[in-house]
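For reference, chains read A, B, C and D in written order, and residue numbers begin at 1 within each chain.
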Amino acid sequence: MGSLPLFPEQASTIAPEVDHLLYFLLAVATFFTLLIFGAIFYFAVRYRRRSENELPPVVHGGMTLEILWTVIPFGLTMVMFTWGAAVFFDESRPPDDAMQIYAVGKQWMWKLEHLEGQREINELHIPLGRAVRLTMTSEDVIHSFFVPAFRTKQDVVPGRYTTTWFKPTKPGRYHLFCAEYCGTKHSGMIGWVYVMEPQDYQTWLSGGATEGSLAENGQKLFTQLACDNCHKADNQGRCPTLVNVFGSTVQLTGGGTVKADEAYIRESILSPQAKIVKGYEPVMPTFQGLVTEEQVLQLVEYVRSLGPKPAAGQAPGSQALGNQAPGNQAPASKAPAGKKSAPGAAPAKQ
Amino acid sequence: MTGHIDSIKTYLAVLLALLSLTGLTTWVAYQPLGAFSVVAALGIATVKMLLVSLFFMHLRHSNQLTKLVVLGGLMWLGILLVLTLSDFATRGWTGVPGK
Amino acid sequence: MITAAVHEREHYLNASYGIKSWLLTKDHKRIALLYLATITLFFFLGGSFATLIRIELLTPTGGLVSSETYNKLFTMHGVAMIFFFLIPSIPATLGNFFLPIMIGARDLAFPKLNLLSWYLLVIGGLFSLFAMLAGGVDTGWTFYTPYSTTYSNSYVIATALGIFIAGFSSILTGLNFIVTVHRMRAPGMTWFRLPLFVWANYATSLIQVLGTPVIAVTILLLFCERVFHIGIFDPALGGDPVLFQHLFWFYSHPAVYIMVLPAMGVISELISVYSRKPVFGYKFIAFSSVAIAVLGFLVWGHHLFVSGQSLYAGLVFSFLSYFVAIPSSIKVFNWTATLYKGSISYATPMLYAFGFIGLFTIGGLTGLFVAALGIDVHVTDTYFVVAHFHYIMVGGTIMAYLGGMHYYWPKMTGRMYPEAWAKLSALVIFLGFNLTFFPQFLLGYLGMPRRYHVYPDEFQVLHVLSTAGASVLAVGYLMPMIYFVWSLRFGQMAPANPWGATGLEWKTASPPPVHNFDEAPIVTHEAYDYSTVIPEVIEVG
Amino acid sequence: MADLTSHEAQASSHEAHAAVHEAHAETLDLREQFNTAEQQKDASTLGMWLFLITEIMFFGGMFACYTVYRRTFPEVFAVASSSLNAVLGAINTGVLLLSSFTMVMAVRAGQLGQRNMIILLLILTLFFGGVFLGVKAIEWKEKFDEHHIPGQAAFHLEGLPPDQQGHAQLFFSLYFAMTGLHALHMVIGVGILSFLIWQAKKGTYSATYFTPVDVAGLYWHFVDVIWIFLFPLLYLIDRHLGK
């Protein structure tokens, strides 16, 4: 037994935002609980039955009271809604400078992949003060990526990508849970998130032996699967070039457009006929069953690395990161300030 | 309800209308109407539904309560469809996969 | 059952004897008792699963049972409690017994259908029981795909079939009630003279009729997918597991109101009778029941805030969720105001009613937390949610159910329960409940995920507290079981109206005659007009 | 609401129960919980309409799946839909509409107390219902022969690349689920009709008591209405794209 914590640690920029909302709700809830309990207790004592045949006066309902206790709670709930929605937007939208990490859930483990090629199981090492964006999928059933100290949670759904992000503000070791029931060893699908000082993180990154960065592995796979026979860099192939595709808006046969994000790249690999790029024939075979979710992620990352170079952070390879991390540390570590932290902490440097 | 006995002629007319609408909806499906094709199909189906319920099911002569029950049922179907679509139709609006 | 004095007056219990007279009865009162026996069985079954769960969670390492067994325990706890206890609890027992009497009818509109409903519940229950005995089911009561369709190796099909069949029991009960309220009211029983219990059950029936078919078809699709691999929700074929969640919660969120609305109806009766005053804001309470039934259908997506549902749908559902808070708070305020200047008795049912208001207030207010998008991301699928819905479903529904059982026991059986023991049980249950579930709020905010067989050490103290509370709670639930049975033989004979209550159910004898009334009632007063009743009570002594 | 209240107060504000009840005790058709035949008929009709509402929601769950997946895979749904036999579908729709017509005529015969006509028209309705089910069976048989059965390894829909076969299976899953449940309702309807015919032969129904025929009619027409929507939604998606 031993320790008895009553409140979770605050270790991300979102955590204090969530907690402030909690304090507000707690205040409202406590007020109304005391009001109701107090009124019941007072009335029950004050107006207790004194004789078996007493008949109390009839008190008719009052419109003023009814309106009062309809309108006031309604006003309060609208504050709750708006505030909750504001926090939710912050929780949902990763800042542009966030560092990309991929996660795959399967019964019953978390597989995490860094752009630099480090792969971890049930552990995630991240630097202090950098926003981290997780793109996640599942190989089997629904899981949920939950780090209580960060106040973030996102279901991980088979067949599609979901996203979560957080920006750690305190070095340490934090629980990682699977929060969506996923079968026999659901409670064993847990791990740790290590938030490290940036220097330590650099040391950790260079420590593990990797077989090349995620994008490099994706490129190898791209060649292995002979994707490069058709998808040529110079746009001379039978298929559209993938250079500068990521993040762009793609024109489709039949008139529509689609934003080339992770989900679109994934769909194009597994279900290539679903959306055909304008001006091309539907000749690509499906790779369903030929590649694992992890390999798809490598390919997605490769395509991303071919895309327009992002302002900061998303550049693959550890060199770029190494230059940046110390610079980012200063503003971020004192940035529990809240909502607008994302742009503020993103001095767009290359 | 017992009081209203519709004539055979009325019922025959409704039947004829229903059969012609069936022909119409089949024909319309082969016309190049684009997105309007679904609208036409559902529009015709709705008219047929109204014919069947108003005449064959005597909804015309039914009391307010029955009409309310039917409207309520359709409204609930609407709730189910619209709120479910509120998710599926707005997916991808944020540009963040899964949000 | 009841002491058969030779020259006893004929009533529904002694009008005929033998198993057949019960199993083929069309009397809504007898069917109510059949339901009572059935759901009590499932309550204790679900309760014993809960006990095992709590004992298991005493230690963080999961020593008592394997993880497979643990997963089956919480699944079967949920299935037994929700589908076979809470949903039928108040409507099928107290509602079945009293709704026709309260409106002055001889029976429900469709007595045979009523009996059929009970058989459907029993058949559904047998399927689920078979699944439990044969090896159990481990999907969680929510049956999320693709785990339930593809990955689980347990008795999903039998359980799903059981729930499917029991669903029709619920639908037909709701249908029966609606028609009865519309078509069977006694002369003079206008809508605004209806007891609030009837309003609440009417609203509940609307949900049963409109919501239950959707879970039925969803379960059917799940069944087909598991048996024939047709893949409506299978991501491998392009299906969407989140769609299953939408359909599941379209019913399962309103189902919470199926459980709690009748409870609110009971509380309206109790508060009025034991403060001997008309309910403050009768129309507001009546309409808020209907409002809850309607608005309850617009909020299901708040279970899906982190599921991969779109952000905008999340906004819509969070916004709508707050609307359903309003009618609930209107009720609480009106009940409290009813006490003002009343003549408040501390009889056992009133203690349960106080307990209900207190626990429901906490449960409802924490509902505001989980409806707030920003906080729900953190607390969903944790013990915070577990605590929240137990405050509503156990602290709310079961408190009201027991309050109602005590209140109506004299009418149903003709016997009084032992008052002192009953007061004690109310107190034990209230304390035990809070000790069990309050620590779970803390656990949840700390991040303890639900459905965990083993857990980190730092959560143990709170888990131990919760288990301690659960053992108190278990004692509290066993007590009424024992003294109710005891009272059948040894309890004092009950007068027709032991509480000085106003409803038609108290104008007929205890227990009521076969056709409910010796003389057909004609209603001339508003509900809860105590000036007409109190002198009579004094004569009865 | 005020409207309803006055109407229903009237429905139940007949004389006191007991007296009326005794007066009717001789009438076989009046169940003991009711006071008047009108009250009983109203209750049955309302009960059936409520039941039909539950049926709307029951099919509604599948319509929701259909809507979501058709939105997601419009082209696949068009191709898969075109593989269905629209002619048979249209003919079947006609057959079902005819059966609805004979059903409503049976109810009319009930209103007029024409006992033999009731029997004849019910048998006709039963016949058309049987034809519908027969045609349905032929269609399903075709699906088996063409390997259009979802969940089977042999599933293959011509005209679609391999990666979209899964989506096509979704269409056929919905097709079989929806038409299957519809057919199940038809089978139940056939059972009800058989019961009514048997009862009608015994002379149970007359101009004063034909509620079962009336109520069964509501059910039958409702099943018809469901099909009215299933036909264009399943058989007629973007046919113009096909050939």
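Remarks
Criterion: a contact is a pair of C-beta atoms (placed from the backbone, for glycine too) under 8 Å apart; a residue touches a chain by one contact, two chains touch by 3 or more.
Everything quoted here is computed from the prediction, not taken from an experiment.
Core chain by CA centroid proximity to the global CA centroid: C. Inter-chain spacing, taken between the CA centroids of chain B and chain C, is 36 Å.
For the pair chain B and chain D, the distance between C-alpha centroids works out to 15 Å. Each chain gets a centre from the mean of its Cα atoms; for chain C and chain D, those two points are 33 Å apart. The centroid of the Cα atoms in chain A and the matching centroid in chain D are 47 Å apart. Touching of two or more other chains is recorded for residues 182, 210, 214, 236, 238, 240, 242-243, 246-247, 250, 308, 311 of chain C.
Of all residues in chain B, those that touch two or more other chains are 65, 72-73, 76, 80, 84, 88, 92, 94, 98-99. Annotation for chain D: residues 4, 8, 46, 50, 53, 56-57, 60-61, 64, 68, 72-73 touch two or more other chains.
Taken as a graph of touching chains, this assembly is fully connected, with contact between every pair of chains.
Contact residues on chain B toward chain C in their complex (touch as defined above): 65, 72-73, 76, 79-80, 83-84, 86-88, 90-94, 98-99. The residues of chain B lying in touch with chain A in their complex are 92, 94-99. On the chain C side of its complex with chain A, the touching residues are 62, 67-68, 71, 138, 140, 142, 144, 146-147, 150-152, 235-236, 238, 240-242, 275-278, 280-284, 305-308, 311, 314-315, 318-319, 322, 325-326, 329-330, 332-334, 336-337, 339-346, 354, 357-358, 361-362, 365-366, 368-369, 371-378, 380-382, 442, 445-447, 449-458, 460-462, 464, 530-531, 534-535, 537-538. Put simply, chain C touches chain D in their complex at residues 105-111, 171, 175-176, 178-179, 182-191, 209-214, 216-218, 220-221, 224, 228-232, 236-240, 243, 246-247, 250, 515, 517, 519-520, 522. On the chain B side of its complex with chain D, the touching residues are 1-2, 5-6, 8, 11-12, 14-15, 18-19, 22-23, 25-26, 29-33, 37, 41-42, 44-45, 48-49, 52-53, 55-57, 62-66, 68-70, 72-74, 76-77, 80-81, 84-85, 88-89.
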